Amino acid sequence: MDDSSPPGTPSYPTSLGTSDAETISLLGHDLATELMGNVGFGELAMWLVTQQRPTPGQVRLFEAVLVALADHGFTPTAIAARLTYLSAPDSLQGALAAGLLGGGSRFLGVTEDCGRYLARVLEEHRADLPEDPDDEAGWDVPALAAVRQARKSRSIVPGLGHPVHKERDPRTARLMDIAAEEDLKGPHLRLFEAIGRVHPAVLGRRLPLNGAGVCGAALADLGLPGELLRGFALLARTAGLLGQLAEETRRPVASDIYLSVDRNAFSVPPETA
Amino acid sequence: MDDSSPPGTPSYPTSLGTSDAETISLLGHDLATELMGNVGFGELAMWLVTQQRPTPGQVRLFEAVLVALADHGFTPTAIAARLTYLSAPDSLQGALAAGLLGGGSRFLGVTEDCGRYLARVLEEHRADLPEDPDDEAGWDVPALAAVRQARKSRSIVPGLGHPVHKERDPRTARLMDIAAEEDLKGPHLRLFEAIGRVHPAVLGRRLPLNGAGVCGAALADLGLPGELLRGFALLARTAGLLGQLAEETRRPVASDIYLSVDRNAFSVPPETA
Amino acid sequence: MDDSSPPGTPSYPTSLGTSDAETISLLGHDLATELMGNVGFGELAMWLVTQQRPTPGQVRLFEAVLVALADHGFTPTAIAARLTYLSAPDSLQGALAAGLLGGGSRFLGVTEDCGRYLARVLEEHRADLPEDPDDEAGWDVPALAAVRQARKSRSIVPGLGHPVHKERDPRTARLMDIAAEEDLKGPHLRLFEAIGRVHPAVLGRRLPLNGAGVCGAALADLGLPGELLRGFALLARTAGLLGQLAEETRRPVASDIYLSVDRNAFSVPPETA
Amino acid sequence: MDDSSPPGTPSYPTSLGTSDAETISLLGHDLATELMGNVGFGELAMWLVTQQRPTPGQVRLFEAVLVALADHGFTPTAIAARLTYLSAPDSLQGALAAGLLGGGSRFLGVTEDCGRYLARVLEEHRADLPEDPDDEAGWDVPALAAVRQARKSRSIVPGLGHPVHKERDPRTARLMDIAAEEDLKGPHLRLFEAIGRVHPAVLGRRLPLNGAGVCGAALADLGLPGELLRGFALLARTAGLLGQLAEETRRPVASDIYLSVDRNAFSVPPETA
């Protein structure tokens, strides 16, 4: 804060970036000498949010989540980004922003919904969680209660089921393995696994634990705040959208998509709601 | 493409994400078994754009750029993101998108402008670039021509000068060193360095080579496409904005910023353009 | 739809704009000869959503709502738009979009929240609404039940209270009068008025019916769909943001706002969540 | 401005909205008693930008422009908005913003490009513009010079040509007529008309004056600032996008569009730029 600021002026604390004529600081470290070249990008992203430097194992699990979520092909958000780039090629930031704006409740939201849902179940069953983390039967107790509750209230269990990967989502087992390798399989992942075990008995059919859901569980186990989990899916997707837009510059499809819709439009009489 | 597609239907080629019931592929690799846990996030971001797996040295230089650009404190884009989150806390994607939309010509554009400018100068002087990359005097020739041309046309040299770091920007030397360590100091970085040497003789004063500029030069030397360089600044900034929004949830300042503006507003008569 | 489309291709019905080489149609009318010059912009906006041409009285009430919501000075959304324009002056669409992205639950959402709340109360009390619309005591019955219910569940009544207009919001009585003049005071506005009469007895203090709330009630009485009410606040705000950005080009303040924040920033140690 | 503000605090002048506990002002008028119910929405939008109350004739021409630009069916921006709404139905503001972000150089930019181009030609030929505004031969002189210049520099003449309306764009003559009826046919529209007369002799074929172009000419003749012309196309389009999103809620097509792309995607090997 400038010393010449008059008294009574609001002031704005931050632990993130600050600078003066000679140096640039970030998170209390010298950006040039301490961070650049020494800290990875995923590591920094996690650090910026938690304000604690993550361990190498945490970084590996976190980056595995980002890799899992980066690109899922021609999703609605990828198509929206490509169409926006077609319309306004002078504004790459607009095309990226348009793509990210689809990161809401339906397509990218499962990660956050699942992480928060698991946290809520853990909170509600705080008293009867197993002491030994490897006690699978112990985790099945809150899982069973949660699935029964969902069935009773006819609500969905976030992270359960997938329109394409109907049997199993290959990301789920892989992320569980990475978490185990890094000794980071915490209560959210264990409860999620338990839901995978117990739900067929309640719902009458076996659904896969999906990749977006396991990512939310892993992010929650990494200690990332629930109300920002969607943000990590968006960070991952930013890289994916860059890939989509780079491909659009080399092998454009947005114009064909647009023309295919336009050519197959047909006029119907106005009708009221 | 579904075999049942009628003939004549447009089809959409992609090398990015595709999936079927059993597997998910990305960039021609199995996402779960080959990429997750084995590939870093920065590495994947670069790969998604270039469609070639980068080397470890390229990843280190690339991530150093992202780290350099991630957060610069209370920039206009950080403030816009925080204010948007204050107004619409239900839509994290909207707050992120609002922040990224400031990534245009002025605040985040220098990276792209500088990379593209250097590429243009290299193209124009293709015939007289030094054969030995370490021949500094050789690089000074096109650099001198470029700075003289800029002075003549009264245009600025992108990457030269900084409002705060008036003597030197600490990121510049550091990124040059990292590029040298990884044997990745290519023509864009060398030309940029030469501009740093020769410009005082033409402009009559010494300006620093700024951090945004050197990042653009490094991204260009990494072979990233010029029209997408801004995109990497935006990717870096997405992590920074997540950090800003996380801090906003813990130690909010957006409301104080808003009230400080509102309290200091005063009414003036309408006037015409 | 093009006759050459292969069978099985999806087709996309619309009652909005279509065109061929000779003519452009919109809402089943010839754009050039029937709509341009004959239909106002507010009229068209309403028509596009409801697919029914509104009456002159409906247009007057609708445009009064848009006028009421267009600009409220240096709101967070106006500041975000100005800061984005400062950063990226090459992309006016980005600055407008950034401003609109603040139109979420907190600052612009009251209009929609109030309209939907009133619709829900009307639905719940469908059986005991007064037969004579002027029967104020009759409207007080569902109003009282609704306010009591809100108090019991400690939830707020949307549209009640205002941080600045603590006694009365001048827009409320004016919009009620316009609706009455146009014979368009329907159940949502009448119920809202009744809430204004009955709430002090339940809550123990008199709060004003705010302008955003009465606008939501009026839009609902105009037959506009509840899930899109926020959209009309955003349409109104688009005009206001254009005014803000025009003023920013003539008498810029965004740079001062940014510098005032930046100068009053101070560094604090990182802390964990 | 609050009297308690310390000296040296920046202050922010505005002629737009301000308020205190009792009143709300906009453009120096009392919002409730003077503006609501008395001023149309298009009228207010123009007033907010120019800070001068427009005449009824100006409002009619301005609203005819907005009506002409509001919706053009399944454009890339309409499709992007619908896809974003499909992905994130909880954030209407995000879907609108995504649609507006396509309002860049290609699809909505012609309006601004044409208005600014005509203003530049008028400025360059200030000395030899006809004294009598009805002197068509007089307007042909600068028009001919401008088209010859464009041909020489192989640049396009903004507003000339249309992919669908190859013979004539029905909006053009209609807007010219409205401007003439309101005695508002100024130099931009007259020069545009002259370009329509003279270009075949230079270019060797007759192209239509398109609707986006004539709208830009009309907005410029209304005295609206060149760097904001795109903003009026965006305002118009906001209404159109609301119509698109309302239709999407009643008769959804976004999911079909997405699935049609996804089903017709096919994997190709990664390739480098």
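Chains: A, B, C and D, in written order; residue numbering restarts at 1 for each.
What we mean here is this: a contact is a pair of C-beta atoms (placed from the backbone, for glycine too) under 8 Å apart; a residue touches a chain by one contact, two chains touch by 3 or more.
Keep in mind it's a predicted model, so treat the numbers as computed, not measured.
Visitor: What is the set of chains touching both chain A and chain B?
Guide: Where chain A and chain B share a partner, that partner set is C, D.
Visitor: Let me spell it out: compute each chain's centre from its C-alpha atoms, then which one is farthest from chain B's centre?
Guide: C
Visitor: Tally the contacting C-beta pairs at the B-C interface and at the A-C interface, and name the larger one.
Guide: Pair with more contacting C-beta pairs, B-C versus A-C: B-C.
Visitor: Roughly how far is chain C from chain D, centre to centre by C-alpha average, rounded to an integer in Å?
Guide: Going by mean C-alpha positions, chain C sits 23 Å from chain D.
Visitor: Need the CA-centroid distance for the pair chain A / chain C, whole Å please.
Guide: So the centre of chain A lies 31 Å away from the centre of chain C.
Visitor: List the centre-to-centre spacing of chain B and chain C in whole Å, with centres computed as mean CA coordinates.
Guide: So the centre of chain B lies 38 Å away from the centre of chain C.
Visitor: Where in chain B do residues touch at least two different other chains?
Guide: Residues 5, 9-10, 12-15, 18, 50-51, 73-74, 88, 90-91, 93-94, 97-98, 101-104, 108, 225, 246, 251, 257, 260-261, 265, 268, 271, 273 of chain B each touch two or more of the other chains.
Visitor: List the residues on chain D that touch chain C in their complex, please.
Guide: For this pair, the touching residues of chain D are 9-10, 12-24, 26, 30-33, 35-37, 39-42, 44-45, 48-51, 60, 63-64, 66-68, 70-74, 91-94, 96-98, 100-104, 108, 164-168, 170-171, 173-175, 177-178, 181, 211, 225, 227-228, 230-232, 234-236, 238-240, 242-247, 249, 251, 253, 256-257, 259-260.
Visitor: Under the touch definition given earlier, write down the residues of chain A that touch chain D in their complex.
Guide: 4-9, 73-77, 79-80, 83-84, 86-91, 94-95, 97-98, 101-109, 246, 250-251, 254, 257-258, 260-262, 265, 268, 271, 273
Visitor: Quick one: in the complex, what on chain D touches chain B?
Guide: Per the stated touch rule, the residues are 1-2, 5, 9-15, 18, 25, 27-28, 50-52, 88, 90-91, 93-94, 97, 101, 223, 225, 261, 263-273.
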